[in-house]
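Let me begin by handing over the structure; questions about it come next.
The letters A, B, C and D name the chains in turn, as written, and every chain counts its residues from 1.
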């Protein structure tokens, strides 16, 4: 049925521990098939080392399980919310990668201090507002998606392909789930470097706008010239 | 005799260096067979790479060696004390994992700053009081167990599945020794992230109680909905 | 054609992730054949795990592709600028290694605090001035080379085999590209140790000149006595 | 000739990068045969991955090469000085392990903050005084041994099995070179944890003397009860 989609989601999920972004069973990745209106996601609480492509759970955009024996990730409603809000994305990744999560816990954006960051994000990595008790008490994971969407209001999800959920951890997205994994790796890396830059220069300001634009546009948009063709 | 029990303890012990929680011969894990009143534990000072399931030492709850040629871990009386005090636990783990140990050495609890922490602990990771000279001079390892039990007084060991021994290092426990290993991994991870969060926000307060309750209960108790079945 | 040169560049490029200096597709290494006036460099945006010696792109000192199907690294003009300015170097390496990049982002030189640093650099690792908007807007990568050359003015590139580009990341060079890789490893290592030394002693001054000279000269110049032959 | 001695030194040397204590060709280990008055040491500047037992260089206590084609480590006179001053040691290890080196560069002892440290050292890890210009200009590596011996004056090398050379890096020793490697691993580990403990508690005092004595004596001396037999 959804063999290719499940393989794509599987490859993204197992890439997460390989990149050192995941401990234990934290985190999950999903890939969407837009024409069919379904996405494949990691099953809940399954160890990455035991995961197979067949274990992926296929869910539709109303949240119904369409294929798979296992329960989908408990974070499935967050993924679903993002797929509904951002029509151009093809994949979503959630990790608890340690440096990015440290910023999320502290409720601080990751400042944009250099070109590594500018290669991936067109500005700081933003933090959502804290969730309200009633949001936590009701459809918690769906509301997690809502605070992300609220934070992205008036922003282009392609300029800002990830966010920190306050007190929680990062989410990233992209045209494909493989690209969302790459962005999750980059976010963890720039969070690490930002922490050290702050230790060296506590009042460090952001990268100059010309340099930011140059690097972001080397890799994104019509004038991109990084990579092959 | 105790083949299954020894294998269970063995698997937990060798998981510790694999998770990066152990250097050299530091640390140990034990699994209990409640009906038979015995637990299997790592032998003292043996290198993890040379360990076999047969090397595990089986000890009864009076502290007598029941099976095994080697000396049990010098920390055996601490494990025994915990098995006696907490009747619902099935395993105990002791590591010197670096970030958690840094908090233990500083005598500071690991504050609960985010959902990663709340997935495992229903509050901060507590620190024991310092041990008194007479406790150190007498049955030191048994008394180490006593200060842990004292620190847990009026708390549910399931809400608080680990503690930092002041000036020393962490101990964790759980329904199985495999779960105690998982909690040791999580404690090291949240200690790492807490240190970085404190660097970013020195006056950071704890996670909001609603969010703590939500995450702890997603994984624990009657309403848990994380994982399979 | 340039089989040996391409192999040399290839070996240097794949050494970068093996030494932990590279995430994703960041960074690149190049080796020059001075008599023939060409250098081999990594193709742009290709994953290190998929790289082969044949993928290396051969470029001449006017910047024309001489051999290879793929686009050369977008940083090729920076490498070319350095090969033109420093006639004695045989290779150039660019990484975003995290600790060195943290200093680059903060715009701070890496102070020379110990003998590990003095084994490789005859002083602090310097930082370029920030690039001007018009430099960024025009031939950005060539101008990146220019600010490096400007920073090295009146210095011997053999005494100072690497630099931090402000807001960006490190570049290193050497008599061979293999030696430039070694210097990149050493720079990352001393950046890491310098950060920790600053945490322990925020006002720490540089190593004493006699000790610096002793260590640098143990490994460099006529009186060198480190190593074989 | 010295086949066993060379194998012992070889095993210790290759253990250093395996434990993450060594980058590039930094560091070296040596083992002594007291009855024959010779020690085997790593050759200078040879990559660890290419090292064989036959490459080890055998040197006598007057510093003459007795066996081996290669030049011995440039640090050989330091090892020789320590073997002469401390008649009970069987091996010496020198690394540039990053956390211990950070303390050495800062000129600060590693404070004894916990039991992990007390399992290996009977107090803080001390730092030598800075070397004088004339010591650096003359027999530098021999004089490096001299400042270590001076720092150990009136101390038992068994209580204090390692030291930080100011501005340089750690040296450790022990009854065997394998034990000196273990102590080098432990020193790096406690340096890492001490740095973090200082971040959490900048004014943290040393471990209480009773707890220090208990842990050091669990592993050392007549009353030791850690390990087998």
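Of note:
Here is the rule we go by: a contact is a pair of C-beta atoms (placed from the backbone, for glycine too) under 8 Å apart; a residue touches a chain by one contact, two chains touch by 3 or more.
Keep in mind it's a predicted model, so treat the numbers as computed, not measured.
Interface chain A/chain C: under half of the residue numbers present appear on both copies, so the contact uses mostly different residues. In the CA-based superposition of chain A onto chain D, the rotation angle is 180 degrees, rounded to steps of 5.
In this assembly, the C-alpha centroid of chain A lies 46 Å from the C-alpha centroid of chain D.
Each chain gets one centre point, the mean of its Cα atoms, and the points for chain C and chain D are 32 Å apart.
For chain A, residues that reach two or more other chains under the stated contact definition are 199. Because contacts link each chain to exactly two others and close back on themselves, their graph is best described as a ring. Listed by chain label, the pairs that touch are A-B, A-C, B-D, C-D. Considering their complex, residues 113-116, 182, 185-186, 189, 192-194, 196-197, 199-201, 204, 207-208, 210-211, 214, 218, 225-229 of chain D touch chain B.
The residues of chain D lying in touch with chain C in their complex are 23-24, 26, 43-46, 70-71, 74, 96, 98-99, 101-108, 130-131, 133, 136-137, 140, 167-169, 195, 198-199.
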